[in-house]
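Here the chain labels run A, B, C, D, E and F in written order, and each chain numbers its own residues starting at 1.
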Amino acid sequence: MPVVTLQVLGTLSDEQKRELSRRFTEDLREVAGKPPEYTYVIIHEVERTNWAHKGVLFSDK
Amino acid sequence: MPVVTLQVLGTLSDEQKRELSRRFTEDLREVAGKPPEYTYVIIHEVERTNWAHKGVLFSDK
Amino acid sequence: MPVVTLQVLGTLSDEQKRELSRRFTEDLREVAGKPPEYTYVIIHEVERTNWAHKGVLFSDK
Amino acid sequence: MPVVTLQVLGTLSDEQKRELSRRFTEDLREVAGKPPEYTYVIIHEVERTNWAHKGVLFSDK
Amino acid sequence: MPVVTLQVLGTLSDEQKRELSRRFTEDLREVAGKPPEYTYVIIHEVERTNWAHKGVLFSDK
Amino acid sequence: MPVVTLQVLGTLSDEQKRELSRRFTEDLREVAGKPPEYTYVIIHEVERTNWAHKGVLFSDK
């Protein structure tokens, strides 16, 4: 019954989203026996003005 | 002091958001005695390219 | 395909959780046509030392 | 190893985001000894149609 | 700069957590070129009384 | 109308939580004009077995 939430800086291509979702879901099946029909993967693409590291926005780096 | 976060695939109309917020807030008052002035409802509409089920993006279904 | 996350101060009884989950799921069906088999409700009970309002922890109020 | 997620109604200017990120990161260093290189700050700007208080969307207030 | 949050019903063993974290991080490196030193994986194990599907708590199923 | 969610590895003392909540709330007032009566700070203390960096659980480091 897993929900995987991926927060990522910037954008991903549809192909990257497709492949990551497939792998995360498969990882959960293989490692923890979670059936794919219960697994959700939700992706949040975060703009560089909305994410900071070391106190500095990525848009300022 | 509740915060309800609703993640939903695709979009909702303003009327749906209005009614869901009203009901969730009322549910919390009736069932758990939570005063509406403390309840926040936050809605995240997630694009079909950003949500997968069974390892497949909804945009691919 | 909704995921409802409820963050609540303190604890809820099992009966309150049961009833809130039932109502939230039903609200989504009635208002937005979301089939119950796709709806998850996840509850986080947050201790009073871990939630602040107006800059003051609830455990200090 | 902190992740600070700020959900805010409406938008912030880049200057506000810059200063809030700087301060949150510094607060964590001063108060809890968390090294800035481990601190992420992620900002979610939520539209007024997607946030309700007292059961009413802010866009309706 | 990814943060992966895994919400899972019930508990995982340390070995399952270890392997899932390793794989998620590796998936992000292989598929999207995300360097492992920027990837956090955070796991939330949710009790069966705190997760509902189809409007019914798992503890009631 | 901000909600600040702090995810932190391990535990914080009550005094650290108290001071961080006070500062985050004050930062939001000073930098963005957010009134303290609308600001929630929610703290999640995450165990070392539930957080990984570079694909390795902190409990294994």
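Going forward, contacts are C-beta pairs under 8 Å (C-beta built on N, C-alpha and C of every residue); 3 or more make two chains touch, one makes a residue touch a chain.
This is a predicted model, so every value here is computed, not measured.
Over half of the residue-numbered contact pairs at C-E are shared with one candidate from B-D, B-F or A-C, namely B-D. Ranking A-C and B-D by contacting C-beta pairs places B-D first. Inter-chain spacing, taken between the CA centroids of chain B and chain C, is 11 Å. For the pair chain E and chain F, the distance between mean C-alpha positions equals 20 Å. For this pair, chain D with chain E, the centres built from the Cα atoms lie 24 Å apart. Within chain B, the positions touching two or more other chains are listed as 1, 3, 7, 24, 40, 42, 51, 53.
Contacting chain pairs (ordered by label): A-B, A-C, A-D, A-E, B-C, B-D, B-F, C-E, C-F, D-E, D-F, E-F. Considering their complex, residues 1-9, 12, 16, 19-20, 23-24, 27-28, 31-32, 34, 51, 53, 58 of chain D touch chain F.
For chain E in complex with chain D, the residues that touch the partner chain are 1, 3, 40, 42.
Note for the complex: chain D touches chain A at residues 14, 17-18, 21-22, 24-26, 36-37, 39-45.
Residues 7, 46, 49-57, 59-60 of chain D are the ones that touch chain B when the two sit in their complex.
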